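Same chain, two partners: subunit A is paired with subunit B first, then with subunit C.
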Partner chain A sequence: MTEAAKGSRAAGIPGLVRGLAATARTLARPTHTSEYPDAPPSLPPRSRGVIALLAENCTSCMLCARECPDWCIYIDSHKETVPATTPGGRDRQRNVLDRFAIDFSLCMYCGICVEVCPFDALFWSPEFEYAELDIRELLHERDRLGQWMATVPPPPALDERSADPAEVSALGKPARAPRAPRQAAAEEGQA
Partner chain B sequence: MGQTGEVTTTDGPRELTVGMGAGGLATADMVLNIGPQHPATHGVLRLRIVVDGERIITAEPVVGYMHRGAEKLFEVRDYRQIIVLANRHDWLSAFANELGVVLGVEQMLGLEVPERAVWARTLLAELNRVLNHLMFLGSYPLELGAITPIFYAFREREELQAVMEEASGGRMHYMFNRVGGLKEDLPAGWLDRVTHAVRAVRGRLPDLEALISGNEILEARTRGIGLLSPEAVAAYGVSGPIARASGVDMDLRRDAPYLAYPELFAPGGPGRVVTRTAGDCLARLEVLLEQVHVSLDLADACVERMRSLPQGPVNVRLPKVLKVPEGDLYTATENPLGFNGYYLVSRGEKTPWRLKLRSASFNNIGVLRELLPGALISDMVAILGSTFFVVGDIDK
Partner chain C sequence: MSPAVEVLVRTVAVLAAFLVLPLLVGQTEHKVMAHMQGRLGPMYAGGFHGWAQLVADGVKFAQKEDVTPAAADRPVFRLAPAVGLVPYLVALAAVPLSPGLVGADAPASAVLVLAATAVGILGTLMAGWASANKYSLLGAMRAAAQLLSYELPLVLAVASVCLAAGSLSLTAIAGAWSPWWLLWQLPGAFVFLVAAVAELQRPPFDMPVADSELVFGAYTEYTGLRFAFFLLAEYAGIVLMSLLFAVLYLGGWKGPLSGDLGWLWTLLKGFVVSVLVIWMRVAWPRLREDQLQRLAWLGLVPLALLQLALTGVWVVATA
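Right after this comes the complex of A and B.
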């Protein structure tokens, strides 16, 4: 309680009347609320609503599934052999994503999977209207996760006092010393 | 069967005399269960109360209905995953909960956190404190039968939650702390919006105060009710606004400062510790109300300071696998509801060997055993609500 409030009470205005006056003042002011289903809320770009998947970027490395605190990400993949493109070249192996699913009935919306993804395959979208009557429907498969990509907003600009991005600060650093010639390295190894 | 309730107006214990037909007169104590699911309790706190008529003789809080085994889960999570869980036990002070974990880990690692991160954390922690207090300033009158204040409190909460969400992406579980700083830098223009939000909240706070402070009905329900002595505070380990309302002048922000608090609570700074001496329900509410003002001042000071800090990062680059060196450390922070402590024992692995959680609400509701006996049933809700607890923080 502020001193001013105490003073006005001492002046003899009953607390009930002051409360009613505050209510009356609020009544005269424009309303603060918005009619939600008719007026969609404007959410900030960082808002953690739903996780979107850009499947083309996913290498099935499983980092997200392993780092998830409650293991709600399911990934299936298989290896495929890509034949050599140049004569005498080697055949390459690559991972092909078969299944990517997030169970939003388990997800705690912590964002660790988005943070650890090294290939920018996961993004947060502020969309939140995906409640279901059946809990099993909250398991979003790859297609459903991919559809959320259209709703992913660009990240917000950072504060003017934020550190330079890694690309910019790398420019200011002195160039790395040239690697020692192969011959010298081999000799060192023998010694 | 004839029932004669002996109603006296004296302060002595009242007796309920029950006539048992021809068997003579016998007085009976009644055991009353409040909760675990009861409209008058919030969450699933259960109280086992022995009443003699309308007078409470003994009261025993029965806890554990919402035990989720957080401490055991901490042991199989790395330090980033622990933050997810740690901000959930007291869901009204998520940022402050995260803070204790990362401060402890940083201290054990000997990690220096960038200055901008320190001030941003202090700012967010104070905004979180305001959010927490506004919740109770709305819900406590609601428990006493005043419906209006919660709408005013939630309007202000919405204002602050918007800026918290813009920075962290979450409205309750912020997940914005990381070992070594913050998850990412603040968005451009965010500080201006914090200033604007703080000004708006401060400007409209008199509306909420007009409904609460000086209200005759609220004072009649709370003044002189649920007196808590400083001795009981010490005996039960009560902390936070409840302890300060009983005249116990302790606040870790000033007494064991962390983050940027040494500067804010220095002489001449905006920080001050709010205390009352009455120790009743009204004093506890008043402490909460005034702490909102102090925290808004602190938030303003943090914003002011952040504007003058040089350009720099808000986090430290860490190895992919973070291992805390062997040892143990107790980290205590002043959460909105009281002392929040983490006792971290590490054996040099990427998960803690043990992470003991000392939560404020657990100790604060323990004192109900002292507060409730002697009170009337009708005052039970007033006393229960004035201990400002979050059930998740009790049961962990």
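Right after this comes the complex of A and C.
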């Protein structure tokens, strides 16, 4: 018989006792089960449950739809003309969002759309209970996406000793001097 | 009470115990195993901590389709669960809970119980052969080999107790029991417990149903109520062996305040033994087929013979 086999045979009875002790210890301790439907789960911060839309911020720029790896974002928009606010001014055009939909049967939760949005119109929400019996029902339109905005948590606090956010540091800077009116500048040039 | 009515009452009582006690053990296994693994186990069925889980399982099994494979030996295949289940019912009837509380008080009930439990394995063999499935057959062959190996130490261990008590009747054995037996018959008790767990094909001796090798051994092709009967037979076997251990080695109904409540002592001791059987399942890995045979022939049989010799010498010396 080899040394290893001898060793394992010597370890037989203590090993069995250790097995009994380990299970008995676990029996005496509280369980790890989280009773999910009865008790809400404790999700980690920045959980990616669903993508919420703040439609007011959306400019229909299409960046999210174009960056989406599996093209699960559908955006329709049209242009409206905003009449000039000052006499002699120029009419402006702006995009008006007609449809914003995300197909969560295609979405792979990469979060690129949230990252790429330049106007903070898309947010991660930890909400995850939106299963459907039919896969086609997972295509959610802007009103449903907007409802999830209520579940979006506030952004996490900054790390200790990190730089102030841009909004705060801007407050400390001296206010810009108002630009001289254009007509006066022209007169100065003539003078 | 006329004899016919008495027979009826006794039969119904044994049948009720046969249907209720295995469910109790099964539910205990659900909960104890779960907590030993850091889980909760069933929590919904019945409302309070899933107490009705096994009832719900029974209803589910009854609703399932009863499939008989096309290539199976139909009569044998359909009869096998009954052959596996009924012997335990017969054996349970002969186990006394207290001197007055026994289904059928046979004069040689120790022999009757051992003989009846040995028939149960025939159901597994029939199931494995009739399933027309090589895994089932392998499982059945393993079960048969296991039974052959462990029946011997089991019988030798019981023989030692019978010798010590001078009787083959379980009632008389428990009557002759004294606390000193706990030490005197300790090797025999160890042999009996190990051999009983092996005969029930419970982990760590569950090679015949090793799911990773043989799917579910002889029971692979079974569905619905017939499968449930095999499961019931397993748990009835645990109940039977635990009660037998309590009667043979732990003094059965003997204990404080055991006037009219002796049967409670037997049940309590049997329950503790079945918890031990469950505990072994959770704590220990499955043995290999050759390790199983080595343990039986090189470990248990010599130990049982030694116990038999020790008992014989002591009985002769003190007689």
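FYI, the second predicted complex is superposed on the first by the 144 of 191 C-alpha atoms of A that agree within 3 Å, B and C clash if a C-alpha of one lies under 4 Å from a C-alpha of the other, contacts with A are read in each partner's own complex, and residues count from 1 in each chain.
Note that in this section a residue touches a chain if its C-beta (ideal position, glycine included) is under 8 Å from a C-beta of that chain, and two chains touch if they have at least 3 such contacts.
A quick note: this is a predicted structure, and the numbers were derived from the prediction, not measured.
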Return first, second, both or neither, reflecting whether A:Leu27 touches subunit B, subunit C, both chains, or no partner chain. second
Check whether A:Glu35 is in contact with subunit B, with subunit C, with both or with neither, and answer first, second, both or neither. second
Report for A:Ser77: first if it touches subunit B alone, second if subunit C alone, otherwise both or neither. neither
If we overlay the two complexes on their shared chain A, which of subunit B and subunit C does A:Gly19 touch? Say first, second, both or neither. both
Of the two partner chains, subunit B (first) and subunit C (second), which one does A:Gln147 touch, if any: first, second, both, or neither? neither
Kindly classify A:Met108 by the partners it touches after superposition: subunit B alone (first), subunit C alone (second), both, or neither? first
Between subunit B and subunit C, whom does A:Asn95 touch in the aligned arrangement: first, second, both, or neither? neither
Once the two complexes are aligned on chain A, which partner has more residues of subunit A within touching range, subunit B or subunit C? B
Common ground on subunit A, meaning residues reached by subunit C in one complex and by subunit B in the other: 16, 19, 22-23, 26, 32
If we count contacts the way the header does, which residues on subunit B are in touch with subunit A in the complex? 77, 80-81, 83-85, 116, 148, 152, 155, 158, 162, 165-170, 173, 175, 183-191, 206-207, 209-211, 213-219, 286, 289-290, 293, 306, 309-314
Contact residues on subunit A for subunit B in the complex? 1-2, 5-6, 8-9, 14-16, 18-19, 21-23, 25-26, 32, 43-44, 46-48, 67, 69, 108-112, 115, 124, 156-164
Touching residues on subunit A, where the partner in the complex is subunit C: 16, 19-20, 22-24, 26-27, 29, 31-33, 35
Help me check something: in the complex, which residues belonging to subunit C touch subunit A? 32, 34-40, 43, 279-280, 282-284
